[in-house]
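Two complexes are shown next, each including chain A; its partner changes from chain B in the first to chain C in the second.
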Partner chain A sequence: MKKNLVLVALLLVPVMGYGELFLEITKGSEDPYKVAMIPFEGNSKVSKQVNNIMRNDLIRTGEFSILDEELLLPVKMIDDELVFSDWKLLGMDYLVTGKIVNENNSLDINYEIYDIHKKRKVRSSKVFGIPNQIRQLAHYTSDGIYESITGIKGIAATRLLYVNEIKDSQLISRYKLMLADSDGANEKILLSSSEPIISPSWSPDGKRVAYVSFETGIAKVFIQEIASGKREAVLSKDTQISSPSWSPDGKYLSLTLYQDGNAEIYILRLRDRTLTRMTNQFAIDTESSWSPRGNKILFTSGRSGSPQIYELDLRKLNPKAKRISFEGTYNAKASYLPNEEGIIFVHRSNDGLFHIALKYKKENFIRVLTEAKMDESPSVAPNGNMVIYGIREENLSMLAGFSLSGAKFKLPASNGEVREPAWSNFLR
Partner chain B sequence: MIANHRYLQASLFSFCIHAALFLYIYGTFDSNTSQKLLISQPLQIELRFDLPSPDIKKQTPTAPKAIAAPVEKTSQNIVYSKATDVIQTKQNNALIESSIANLLSEESEIEADRENQEISMYAQKIITTIENAWMKPKNIPKDLVANLRLKIRSSGRIAGAELIKSSGNIRFDNSALQAVRRVETFSFFNSIPKNLYDREFQIIAISFNPS
Partner chain C sequence: MNKSINSFFTLLTLIIFSACSSVQVTEEAVADQSVAGVSITSKSTATQAVLANAVVYFEYDRFNLTSKSIQALKGVSELMKRNSKITISIEGHADERGTREYNLALGQRRAESVANYLVANGINRNRLITKSYGEERPLSLGSNDTAWSKNRRVEIK
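And then the complex of A and B:
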């Protein structure tokens, strides 16, 4: 009987929360993590390259302040134990050391992360591959460091799609669909055409891309396998089709079709190419994009007289478009943050300039995040912490990015104009 | 009627025995102590609670000692807090319940006060430790609150952290979990008395609420 009573008491405790101390944390630091990165040991040329890639990857996230290389101290070890006191005096939170082993046609990066406050190693890891994957391996290492310190999955090893336009001496344009690492390096040409290419979009598995090409004279959506280069038009219809967006399960494409006299949103089932019309409105409806769980789509519509963002709930039988942007007279090209808590979009401010803005679902105001003049087509990184978008500088289009944690960066300029970036999903 | 007569006899006999016993216990037959029924000398009292703790033992002798100081002969009384406060005295059977009760209540008040103070001191230490480890993300929605439940070993090591209320923002939730991960161990836990740890600090809930 007594035993039963004890049991009942134990069962009641968690339900009532009885006796549980409840503490409130109200203050936190907004400073970035201070990290000292010792140049990795190994072949000096390889090591330098790896160090530069990692340093840039980490700085771009906005979460770290990396100690200048000139200020680094020699790493002292006593009995295989790091001497932490020097680094504590420098005010560091973390120390990263590593070694690159390049032999027998394989390349290994071994790295260690030390927590200066806890005075111990918090990660010891190894990435390996072949020597010509050196950039990839460096990005993997960056992601390992980022994850280990912030607890968030890193995006250094993800990739970007964008469109490159180069004019020759007779001012005739050549358009290229490009694939590159998240830092803009390691560019590859997926398609080259004399006619415009627009709106590239990633399949969720990162193996295929969809885009709009004008090669037949009108806008047509193509799907192309990255590895093989094999491509096909998704619909043989003789109508303009644009702005493809892949559903998160990879089974559907949302598209804009002009077959009804004006632009309407359709969903295409890839298995049998069945089309389902989603909007029916005299105004233009376009730029659809899927929610991370695939149950909603966002699109831009002019039905209120100015471009605004609308949301369709696909779980409903005859979904009604719900307007979700209200500030100003131009809001367009929206995409969801990874957990659907908000949207990133292009917003025209009162000064008439176009900026990238963020609106959280539960807030009734928007946050303008960029300050150039003609910011356009934002694409959100899969961890939701970074956005890449197009800017215009000295009459030239190029790519820039920012992290929600505050870092801003420009991608190294390719020749000519670069625009319409699309950020891939996680690729590992 | 015969039966009733016997009962009366038996009850009379029983009454006599009980009366004698009562008088004996009361001290009527004891010529030495019968005149000293009032408490003529201070008593040193040791309070022993059902869950003896080192702290209580340390504290209790101080107060009564002050009263006892001028008297040579002091007696040690042991009081049990449970059920019917049983009083044992070596020298006499003086009835001192009222004074014991006073002392007891006073003692438990002091004890409770001291304990609350101790709890809030350790709670503050926990808060400061976590606040120092927490990197609050930027550009997050207003009014986010994330609640965690921590399971903490008596060594201070955080054995488990569970998100019991998500803020809805991945980065915010993550920063809270990461702060706890960065703390890993509360170094001051070994100074928390065992009973206090058992009662208050094994499982705690913390709320990250910057607004």
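And then the complex of A and C:
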């Protein structure tokens, strides 16, 4: 169904500039689904915006080649049946039509997807909300289209956390923990501080975040409710605490505590704030991250003499850390793919440069997936198909992303630097 | 602004698979998303004038003391012995290469190396506070060997 074709004409198209991030799609998949999208009908400016957002969402996945608007044909129906032959001649795999109804303070999007090869309608959907939810409505719609065609859940309606640093004229920094839609739009400040903020982490339900703030003079982990802004330090201990990661059931945080002078991993039960020590090693142990099923933890340890990735099986009594990275002298900050079939991590190559790498469990080699100099903090989208990470370009930190099917995009900040991205779970 | 967390997500999802055809029919309502921001300005921790100020530097990826560092630390320990009231803050730092959390831990190891040296030379551990800023507070902003070597440091204050 997917056919080879010359790289889609979407190279280096600056797509939009809402808020402070600018989304740039730099490369699409080399074997995309070919989709004709008839601009959804509707009488207002809203329709135009919805059509733009959806189109960009689909292009950003890298899995679609969307037919140019000028090349679209009129949609012909005979006895309520779509005439498929025209679209087949154009080489299309799918046709998407829809309409947007914006009245009585309600905004509805109705859309239909036709499979050109199978000659039938495969989806008929309605998404509804209120007009100020226009971006979310459009994202829900593109996720529906994406899922219907690829069979994979879409991530346009998910959100990102990241850290923004802006230096003033005296080079004094202001740090902000930011929240934005997955396309960088709709940017909101969760926390603004004169001291560094690192390691943001989502609660699995997307309602709270945990992060490290240096506001008291040392690293401390805080939990903050997104809607109310209510926040608290997770432990009142006077020790450095860092690297929070939320368990998939939302009941625990794994953390790095420095109470013995050295970084060790602990699990904190949030209900009663009881701590369980997970590592006890002379070397550094940090960067813990839960498996999607919550029964294992990955972490970085320096116990072999260089940072390497280890795994702890929480189902065992007194679990023993098992080393799982062997290639090279620096492998760190690992997280599982949502299907647990592999891990994504930071790898230092022999040339001393840092890249994002992937290792599948069943393979005995690693796949280096990025090519800049100082790639860091990879975060995997909940559908397992995209990774967002931090890069440095011309001495500025910005965000970049790629899909496992080969698409690439960038999210540079219009002001200052952005880094430490964290992708939310599915929010719908 | 301060909406309760319970009322903030009013999500209604309805998925109907129609029985007789293969067309997937769905209906869903979009969730509400309220956000409240927080702003903090920490009081600048005014460093009291301390006689024992010093900076020692480290090799890439390492936290062991160099012979040059040991010379500088000898001075610090002498001073602390002569002035028994001095307590010092030992702040570890890393260069920007590598992950932020690992660098935070590495900065701490560097601070601990300095503390261990001073303790071995007769200074009471209670007079020493160790902490790390990892790569978050570089002295030099460049991305080159010179900048990196200045940033891999422990500051004694």
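Observations, loosely collected:
Everything below uses one rule, namely that the second predicted complex is superposed on the first by the 395 of 428 C-alpha atoms of A that agree within 3 Å, B and C clash if a C-alpha of one lies under 4 Å from a C-alpha of the other, contacts with A are read in each partner's own complex, and residues count from 1 in each chain.
Just so it is clear, contacts are C-beta pairs under 8 Å (C-beta built on N, C-alpha and C of every residue); 3 or more make two chains touch, one makes a residue touch a chain.
In this text, all values refer to a predicted model and were calculated from it rather than measured experimentally.
Once chain A of one complex is fitted onto chain A of the other, the partner contacts of A:Lys34 are absent, as it touches neither chain B nor chain C.
Between chain B and chain C, C contacts the larger number of chain A residues.
Residue contacts after overlaying the shared chain place A:Lys99 against neither chain B nor chain C. Contacts of A:Lys237 after superposition: neither chain B nor chain C is touched.
Once the two complexes are overlaid on the shared chain, A:Gln136 sits against chain C while remaining clear of chain B.
Applying the stated contact rule after C-alpha superposition, one finds that A:Thr300 touches chain C and leaves chain B untouched. Look at A:Lys119: by the touch rule set out above, it reaches neither chain B nor chain C.
In the superposition on chain A, contact is made by A:Ala263 with chain C only, not with chain B.
Judged by the touch definition given at the top, the superposed model places A:Glu376 against chain C, while chain B stays out of reach. Overlap of the chain B and chain C contact sets on chain A: empty, with no shared residue.
For chain A in complex with chain C, the touching residues are 120-129, 133, 136-137, 140, 144, 148, 171, 179, 188-196, 198-199, 207, 213-219, 224-229, 231, 240, 242-243, 256, 258, 261-263, 284, 286-287, 300, 302, 306-307, 330, 332-333, 346, 348, 354, 374, 376-377, 392, 395, 420, 427-428. The part of chain A that touches chain B in the complex is made up of residues 17, 19-33, 62-63, 115, 117-118, 150-152, 338-339, 341-342, 358, 360, 362-363, 367, 369, 384-385, 404-406.
Residues of chain C touching chain A in their complex: 1-5, 8-9, 11, 13, 22-42, 45, 61, 96-102, 104-106, 108-109, 112, 115, 130-134, 136-137, 141-143. Those residues of chain B that touch chain A in the complex are listed here as 119, 123, 126-127, 130-143, 149, 168-171, 174-179, 181-182, 184, 199-201, 203-210.
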